[in-house]
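Shared between the two complexes below is subunit A, which has subunit B as its partner in the first and subunit C in the second.
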Partner chain A sequence: MYLQRLNPSIKACTVVLLIILLAFIFDPVTPMLMIFFTMFITLAFGKVRWKTYFLFFIPFSIFAFGMLWTTLIFQKPPTNAADTITVLWWSYPRESLLTALALSTRVLAVGSLSLLFIFTTNTIDFILSLIQQCKVPPKIAYGVLAGYRFLPMMRDEMKLVHAAHRIRGVNEAHSFWGKWKQYSRFAIPLLASAIRKAERTAMAMESKGFTGDRQRTYYKSFSVVLQDIGFLLLMVAAFAIAAYLSFLLGYFKWGAS
Partner chain B sequence: MHANWRFKEIVVMAALSVVFGVVYLAFLPVGKFLVGLFGPIGYDIIFGVWFLVSIIAAYIIRKPGAAFLSETIAAMVEVLIGSTAGPMLIIAGMVQGIGAEAVFASMRWKNYATWVLLLAGMGSAVTSFTYGYFMSGYAALATGYVVAMFVLRLISGAVIAGVGGKAIADGLAKTGVLASFALGKEQKRKDAA
Partner chain C sequence: MKPLVQVQELSLQFDAAKAAVLSNISFELFENERVLLLGPSGCGKSTLTFCLNGIYPRELDGSMTGQVIFNGKNTADYLPGELSKQVGVVFQDPETQFCMLTVEDEIAFGLENHAVPPSEMEDKIVEVLQLVDLLAFKSAPIATLSGGQKQRLALACILALEPQLLILDEPTANLDPEAAQQLIRTIQTLQRKRSFGLLIIEHQLDGWTDIADRCLLLQSNGELFYDGSFKEAIASKLASLETEGIWLPKVAQYVLPAIAPPYQHVPLTIGAYAAQPIELPDYTLHKQTETQPILQEPFMKLNNLSWHVKDRNIIQDVSFQLYTNEFVAIVGANGSGKTSLSRLLAGIQSPTKGDIVLQGKKLPEWRQSDLRKKIGYVFQNPEHQFIAHTVFEELAFGLRLRGLSEDIIIEKVSQALASCHLSGMEQEHPYTLSQGQKRRLSVATMIIDEQEMLLLDEPTFGQDARTNQELMQLLTARFQQGTSIVMITHDMELVYHYATRVIVMEHGHKVADMPTAALWNHSDEQLSAWKLKRPIPLQLQQLWERKCTHVFAAP
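What follows is the complex of A and B.
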């Protein structure tokens, strides 16, 4: 069984549901266990390269670290300040440290769940599945797909604007401010060409008979099968077990106090 | 919501959202850097950037749903390009879009004066902050710090998204590409008068 075969909408729902559940948890053990489980699932069933996976994990770690130290400093005063833990010559109130750890491990848990989705889902499949399972109007979804096709063109367009500016005597910027100004000069021409292209594409699609009607056929159709529901239940069960283990260890905390 | 939309408007809105999806992604590391320096408040300084597309799209197209849909699509594009925030980002985008949309709705989608755009930027700030308060556990932070975050985000939403968004859209209207959209038509009427 590969994660790539799961229904994209169900996969997205599962990830969103778990992230919402995690938002209620204010102890570090539950999210920590979820991180390990999600990482295991992604690496074992996701055909994901270890190296790329951990590379993508770096920004989350930086963010989690920022969360850790600011929560330690800017937290509400703990109710039991005498109960302290010493880490690296500094002593913190036990309660503050646990909350700070809880918030930063939550960032990492959300990160691992998001990576599970990102690494195993095809973009076009996700949008098609949104039309078919989540009843997103085809008019909007195909509009988005058309807009999405402009993305690779953006870089070429940028080069074009750049060249056009240079030929008219705008010099290459070297300082940080100069670069910033240069990029803001690009903004209007880039947006203008994107709008022109979009208008033309829309006309082309309509002239070829696109109506945005719901009664249409699909090149690729998606359905929800037993293994999709199985995945949803498995992830929720993993969360419940993580919370229970945390409860057994005496850390479990539901909601901020 | 989209029933009286022309298909052209949907694709143009999607194109705008794609552009801003890229811009949003480019600003994420800036935000993360600021968070590393100042803590969670770092994001609030530049949070208005993430509301830009709803203001611009609503101001240009002037139809019910423009603010909400464009922000949602921009978030979707971020996910599609591979933002590490994952599908949860789509929800965050929807929440931001609802804030601006609510302000435009209270004007019955008829008034797009500068002060309304400012209010719409602040509307996104209010909804996104409420969402962040719940999802990122701001409840655990000291009240003074949370209030400071909220005020900064309101200002950022009004200035960056409200004023900045209007400036970008007006600049675009000047080029003439918006001739067949509500903003371009309004400009033409003003020039004729």
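What follows is the complex of A and C.
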């Protein structure tokens, strides 16, 4: 079984549900266990190269570390200052450390869940499944799809305009203000061509009979099968077990205080 | 016989426009008929397409009078999207007629719109991909296809809907000659395999004359001025064809001066000429440029130039020298590295290996602002190069950078405007100009700085014939004043008439570099291996000589 085969909408719902659940938890153990579990299933069932995976994990880690650090330093004075934990020659009030860890592991848990979705989901499939399962209007969804095609075209055109302006003798700007002016000069040719292209694409789509209504069939149809529900239940169960383990260890805490 | 389409007194005007786009047009199309609709750029050809497939008047910001009747029913009475199953359109831009990412999804998109059961889709997709010879690319991303393949995909998308009328709106305008020829061949084969009406909208005729039974001629004010066979049109409407800028097939252009009216029997293709060759006057073979390059000090020297992107070798070990007063054409197949080479020459890209020496100094050692005074570069899309908000400021931009006084600027700008026929348009916004005017303005912005070398990246691509002619006049004038010109092109006529030297690129290598006249001495096999073709006048001459020797050799 691969995560890629799951219904994208259900996968997205599962991830969102877990992120909401994690937001209610205020101890470090539950999110920590969730991180390990999410990482495990992403790497084991996601056909994800672990090198790329950890590369994408770096920004989340930096953010989490920043969170940990600032919370430790700027915490309000703990109620029980005598209860300290020593980590690497530094001693922190136990309460402060737990809060800081809870916040930063929450960031990492959200990160790992997002990566699970991003690495195992095809954007096009996701949008198509949104139309079919979540009843997103085709007009909006196919508009987004067409726009998605435009992004690389816009990037290439931006490079071209940049080169074309350099040839005209426009010097490379170095100051912030100069750069701002330079990019606003790019805006007109880019916008003009984007509007023209968008109009042409819209006309071409209509010429192929696209009206935006729901009376259509699907070449790739997405349905919700038992294994999708299974994945949802599995993830929620993993969360419940993590919370229970945390409770057994005496860390479990929920709510914002 | 009942007509498939009846257009009755159709007139159309956009809200923002001063004049009508289409005025009082009436014609009929029959089932399985193949019709060519010709007219200059901007005469409302594409607007007519939208009237025929029912998008107008529904989506029109403007007014439409008269009516279009398809299969006995007014197009306005069809439900939205209903008519698109019967009238299919292939548009001219290969990039912007798709909304999905892969080939099969794109074909499926049209089928989905018409609620074709999913179980039938697979077979239909395979069938149409076979028809256009793209089956191997079924699950490929559209972005990886070439321009010609994209147009064939666009055709497949429409064929999957099995339309009764197929409209091709300048389908080859943005393709290189080889891809264009292949598309035309595909359409010819399709015509034999399937039955559908065909309406081809074009501003040039080459390649299509064999296919069409009848032609409709539109003039620039949106009126229809001819409906009948094309040969008859040449005989009776030759003058109007010329004033409207509808260009005869190249073969006919060369043969016409040699024969007397009436012109009913003018050959339109090489094949037709070969059946009945006639002698052509010498000036058809005359070249317009006969300037000798100044061969002392090279203007620019390329030493073992290579350029790699990741592990792809785009340019490999290219060396040559460019002299003052040369008109060089860089030719070769698509993807042979022509554009990349020109980018390197202009200093927009830096090579991975080797160097370029400009007047004794390596390119990176030049100050950017000094380099721009030496080398100009005209991009394919003129809009990319526009910076200012008026035509005057556009031209003055470079001069102001050089710190010239206002009087000199005004004088130079008005000279430049006159030389490219843009006088009186000083205060227009560059974006509001017509296609041809934009093209001339973009060249003018480059030559006003009097650079010593001008690089052009396929300046005639996707333009109509009149625009091209005006552009070439401008370049020739510049060339005669001593500017070296390096031009990338697919157009063998241009190479033949203007270039003094040809550089042939193949897979990133320079495979030939010689005076233009010497290029045509190569065998047909060699030329076609380089993806080149002998220009029409030389082909005609060859045929004529073959006939003469045949006559003389006969007992």
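In this text, the second predicted complex is superposed on the first by the 237 of 257 C-alpha atoms of A that agree within 3 Å, B and C clash if a C-alpha of one lies under 4 Å from a C-alpha of the other, contacts with A are read in each partner's own complex, and residues count from 1 in each chain.
We adopt the following convention: a residue touches a chain if its C-beta (ideal position, glycine included) is under 8 Å from a C-beta of that chain, and two chains touch if they have at least 3 such contacts.
All figures in this text were calculated on a predicted structure; none of them were measured in a lab.
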item: Clash or fit, subunit B versus subunit C on superposed subunit A; value: fit
item: First, second, both or neither for A:Ala146, with subunit B first and subunit C second; value: both
item: Angular separation of subunit B and subunit C about subunit A, which is computed from CA centres of the superposed model and rounded to the nearest 10 °; value: 70
item: First, second, both or neither for A:Leu103, with subunit B first and subunit C second; value: first
item: Touching partner for A:Lys197 - first (subunit B), second (subunit C), both, neither; value: both
item: Subunit B versus subunit C as contact partner of A:Gly169, first or second or both or neither; value: second
item: Subunit B or subunit C, by number of subunit A residues touched; value: B
item: First (subunit B), second (subunit C), both or neither touched by A:Tyr219; value: second
item: Partner chain(s) touched by A:Phe210 [first = subunit B, second = subunit C, both, neither]; value: both
item: Contacts of A:Ile19 with subunit B and subunit C, given as first, second, both or neither; value: first
item: Subunit B versus subunit C - smallest C-alpha distance in the overlay, whole Å; value: 8
item: Overlapping contact positions on subunit A, where the subunit C interface meets the subunit B interface; value: 146, 148, 188-189, 192, 197, 201, 203, 205-206, 210
item: Residue ranges of subunit C touching subunit A (in the complex, touch as defined); value: 50, 53, 55, 59, 80-82, 84-85, 88-89, 91, 93, 95-101, 104-105, 108-118, 121, 142-143, 157-158, 161, 343, 346, 348, 368-369, 372, 376-377, 379, 381, 383-387, 397-398, 401, 431, 445, 449
item: Residues on subunit A engaged by subunit B in the complex (per definition of touch); value: 12, 15-16, 19, 23, 26, 56, 59-60, 62-63, 65-67, 69-71, 73-77, 99, 102-103, 106, 110-111, 113-115, 117-118, 123, 126, 137, 139-140, 143-144, 146-148, 150-151, 154, 187-192, 194-199, 201-203, 205-206, 210, 212, 256
item: Interface residues, subunit A side, partner subunit C - complex; value: 124, 142, 145-146, 148-149, 152-153, 157, 160-161, 163-172, 185, 188-189, 192-193, 197, 200-201, 203-211, 215-221
item: Touch list for subunit B against partner subunit A, complex; value: 2, 5-8, 10-19, 22, 28-29, 32, 35-36, 38-40, 42, 69, 73, 76-77, 79-88, 90-91, 134-137, 139-143, 145, 168, 171-172, 175, 177-178, 180
